[in-house]
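This is the structure, below, for whatever I ask next.
Naming follows writing order (A, B, C and D), and every chain is counted from residue 1.
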């Protein structure tokens, strides 16, 4: 991932030093299990930890000779050990260490993302509460439909985010799967009990059946979850992009002090964060394609998944993390123009209330057919002549004969449309 | 979907008559909720059901006039009703009916797929049990690695299938989401209580927040699950395709009596079912791309998801169902050549036991370095001269001096590699 | 493909009768080549054509017995032939016929799509000409930027369409590739000369090297081209969707007479065609994923591509065709509100001309720094107070001292921004 | 892209210094065009080049203040200039510079890839020539089919590569598209003539119509081409992976001297390069998904494409380049076991010649029906009893009565199957 989108701490997971550290964690966890099961003398782990030394350059030097990364790692780390070295990597094959350590890396990345995702949910929640009763126009097909609450829009993003939190938790559980089962997954040189115990020390679970590697459907699921999360953010970003359009301008992404809209036009505040998020959601979608293809390995494994994962796992995780960081900033600092939201109704001449007038007539005993025709006549005029719909209604005897003007006035209030907002918020304990 | 891949009963879900039937189910569920909440007189549902008549041709005729499918449906269905018609579609918008009915269709499809998937798991389980102790070579990178159990290969597919069953159950729950919340999801003309009650009659849950439609991340998740399931089947099919290769021929997909391998070559039994499954897994992957893109609709909805879903939801469901149908047949009738599996070890001159010999020397006190060198020398000769590795071992004094021939003989047994198979099976209660 | 999106004549390509007809075309082309090369007596083709009889039901009945579609076809078609039957299918394998006939089907579909695509280009051209000098606001990031020509927007779609026409022509050439080279592509039983000649009769070219089948990169390329074309249409549809938004309403997709915007709101004319096109562009993108995966077949072929192609080739072609049909209708009948386009400038208070004012000052010798500051001061006021920018400029002595009001007035004309439109159009010979 | 897959010189394109250098190239090209058209004094370019100084750190420092990368660049570069600075960036907007420079970067990357791709074609050509007459079994569905030439397999990869070379050349032409047309593509402040001239100096062509940016279908096409190229390499790599399987071992990817197959098994030479290539082909496919989605920008541009391109353009280019580097090494050093290829025929008991025997009988006047039955009887025996098919044939009177043994012997020769190989090679001028 390019520097620009690589944020700490998630970017630090992928360093070589950190990788060796995880390999060591795995090796030590196995020895600890040996100790526990009396397959190694008590104290072996302590001795190993005392002597184990991760010297990245030295390991790389050894690798140049032996041309095998795990062997080089073992040689480098055990160099100064005594007899306890016998228990180091005992009964393991490289993939046991590498794949289990990879699970550790993904799990840690997943947890960092989850933490941010929950913060994003908090931000959405705050904004939703703030604008619970902020009236705005609801739009279908980009066309004004009926009044609604701006908070409800945000609440819809919160609901989706909550689903994505659940999905992410499930996926983290899935990727927290290790394997210490040997070259073809049959536990020829190590017992399932040691695997279970060692993995438990690492916060991981054994794959119920592994081949040489952990089954890759678990990783594909993780990619899919990130893409779903990305799409959720894209949906939010797209809403803001729409609301920030010059003709609408009901909301605006934050502008840093001193940030300049291009050239001389001071209104040129572009929703560039939202657009960036939109692009990044595409990236997260892209990664899923390879994720799916990585599942079908040949026999007990081929290594075709490896190149993909080396690049796409860190990239997808860092992209997701970056998106959340920016989304939180965006929601926390979103500029909302409530007055413009009110003005918006005028842009469709208050026609969004037309159905309400029609229902009013029906309630007064007018047939639905006649009511519809009467209202539509006025509505068409308002639309064509581009003037306030209410004026026409107030001047139509067929209507005012049935409903007095005070009542009519009420039809043009937004309370009717927000009367169930409380109940929706209650679903979130809000 | 083309006829060839459209199997009953899943294909019958998507007919027009069935769609109208579901729309009626939804409309009636709402009236039933009205009754329950005393918003409609007792008996209204019964009257409606007595008079409601789905005449497909008539509805289509009406649609030609009114140019709106739901309005045509309502007109057609309520035609002979009396006063109870007032409660039919009361307070609803088209999307309430259409989207909720779509949930019913998807849920039913999902359940049919789940049923098949569970049968597929059963088939895998039976085969895994049958071949629990069938020794076969494990391969990494397509190269012989170590002995393993053929049943264990199958068990690995079972484990993946069990994960897919869990995923599918979750996804069915996700798509079992309806909405009866009006034009922009604010319950302007109907109460959340009615929604919850009506959906409960249908076995559905309300979207915590809906817009004009049910949020599409729920559908995308379903597409992803089907693609994961497809990839799991592809992994199995790819294994069989490999095992059926002329040079391997350890297993073979069933041949119908009388089915002919092309031309004059009787061995030309092609794994065409497995290849078809491979192709279909690609199709399921393809659908996910649109699934993700369908999530970001504009504002309270645009209808861009609709064309995609009309085609891809039935197609994905039918493809998945067809794949399972064929996979069950495949696994139930798989031809396994146990004798060929044994012969396979000769193809790598019993070199798969070399590590075991080396470990034997180490156990006898030989240093790992010397043991490795000694064994590798013999192994290289066996490989180059293409003769049985054991012969070389038995004739190497450096080895026979340390280990007697009976012991060496044991190194070339497969029991060592299968000793933990029982424990793995126990994880499945087998 | 569902009926709704299956239009004649492209849908008629995929019928069984039509498939058998193409198979016959291929078989006959080979015999014609035999005749030409004196490998069959003159008149053989005529005799074959006289006797060949495609009876779909009979062929299907035979297939039930022989369980092989091509053999059944041959038996059914040659039934009444005399000695000339000896030359029918002579030296061919099934794939020679099936894959070459598939090329014919794809080529025909491609040509139908091309014809529509060229019509779509014509429609765009007409609209571009009509609105060459229709001034509208150009927007970047959804924010007003500078004046431009509405025709130029359309011309941009035309330019993209012209590229897609070129791509489609190239792709049609690619898919017009047949093969008559035997079971593994080595011409064991037929000569390359016969292949070349026979394919030339069919308007096809031989694959330079084939395996058992035509290489699938050629088909993948075709899927990609359709997806690019779809994205081009989506770009156009998205523009219209934006222009049709209530707050903008500068253009509108055609409304059929009598078509009803939902409920009582007469302005509820939804861009449903554009939204449908958007969804369908997603579908075309989806197909490419499988297209790419179909390339890597095992050895001289496996049949995993077949299931994908049976479904996705017709579906992609019909989707593309449908999209073009609708796009032509859309462009031919697009409603353009020129007056609203003019009004739009007021929505950003004529600030789109601010840069022009600044440059005017610079031309009068004011330093860029001072000019910028002066203009921005006024611009900010206009934006904040939401009033016409020109008024502020006209009342700022620092400006009017340097530039007389007539000159200033000219800065607020659009001619400046359209002065090079003619030159752009000239690139299209317009 | 991670260091491991980033090779020089292609990785050096993406550095910040190199980016500024390209921006300068673009700026200077425009001034050169001014000079040519007498819109700037002769010598201006020389003066600019003399004074222009790219100091990365200084530019970054300025950017911190002005928060705009292009403005910072201009300030930094023009710092020491005199009056000639007036012509620097005159009439341009940022996108003119950035997008045109991006075209330069992509073009250069494309050309580096093309160079490698042509070398890869050369390597394939050499290998194809070397093995023109190396007989090997052709396989369909993974099952032995008929004899063919190993060189022909390679020639098939060459043919595909030649197509990819053509595609890449077309795509390079497409991405070699710049734009100097202003903020919304209407040439408000610069003339089309200057654009054409300036771009010609850079080896680029103007977009026939641009918006604020170059149309992104051109870039999507490039991604698609890289993915097609990747799939072509994957097809080759998959063939080798199959041929290297223990049971087949007809070919093997090169092993570096000293490289170690895991553990004690000397045959454990894994096709890890081929598997890596397979994974990377997936990556290239993934990038296309975003490529397609980047086409539909809002109005005259939104910047959602930018994040995607910053990451995926370099990554896709470097992945493609790396794949070619490895593929050339692979093909140049491929180990081909011709003797094993011969042995392979025994694995199907010479049954691949059965059809030839049958045709021989037909030529001797035996009816096709009888001939088929006779041959199949023997073939079935050979297959079931796993012994040489020829032996059975030689001992069947029904056959030897019609054909003498010398003739029969000839049926089991491979010449028949390779007789047209020369003609296929001639298509390549070989």
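Please note the rule applied: a residue touches a chain if its C-beta (ideal position, glycine included) is under 8 Å from a C-beta of that chain, and two chains touch if they have at least 3 such contacts.
Chain-to-protein mapping (UniProt): A, B, C, D = Adenylosuccinate lyase.
Because the structure is predicted, anything quoted here is derived from the model rather than measured.
Student: Under the document's definition of touching, what chains do subunit B (Adenylosuccinate lyase) and subunit C (Adenylosuccinate lyase) have as common neighbours?
Tutor: Shared contacts of subunit B (Adenylosuccinate lyase) and subunit C (Adenylosuccinate lyase): A, D.
Student: Could you see whether B-D or A-B has the larger number of C-beta contact pairs?
Tutor: When A-B is set beside B-D, the one with more contacts is A-B.
Student: How many angstrom lie between the centres of subunit A (Adenylosuccinate lyase) and subunit B (Adenylosuccinate lyase), each centre taken as the mean Cα position?
Tutor: 25
Student: Where the centres are mean C-alpha positions, what is the separation of subunit B (Adenylosuccinate lyase) from subunit D (Adenylosuccinate lyase), in Å?
Tutor: Averaging C-alpha atoms per chain gives centres 34 Å apart.
Student: Return the residues of subunit B (Adenylosuccinate lyase) touching two or more other chains; collapse runs of consecutive numbers into ranges.
Tutor: Counting only residues that touch two or more other chains, subunit B (Adenylosuccinate lyase) contributes 139-142, 145, 183, 241-242, 263, 270, 272, 275, 285, 289, 293, 298, 302-303.
Student: Would you mind writing out the residues of subunit A (Adenylosuccinate lyase) in touch with subunit C (Adenylosuccinate lyase) in their complex?
Tutor: 139-145, 241-242, 244-248, 263-272, 275, 289, 293, 344, 347-348, 351-352, 354-355, 357-358, 372, 375-376, 379-380, 383
Student: Please name which positions on subunit C (Adenylosuccinate lyase) make contact with subunit D (Adenylosuccinate lyase) in the complex.
Tutor: 138-142, 145-149, 152, 155-156, 158-160, 162-164, 167, 170, 174, 182-189, 191-192, 207-212, 215, 217-218, 220-221, 224, 227-228, 231-232, 234-235, 238-239, 242, 281, 285, 288-289, 292-293, 295-303, 416-421, 423-424, 427-428
Student: Which positions of subunit B (Adenylosuccinate lyase) touch subunit C (Adenylosuccinate lyase) when the two form their complex?
Tutor: Those in contact with subunit C (Adenylosuccinate lyase) are residues 1-2, 4-5, 66-68, 93-94, 183, 241, 256, 258-260, 262-263, 270, 272, 275-276, 278-280, 282-283, 285-287, 289-290, 293-294, 298, 302-308, 310-312, 314-315.
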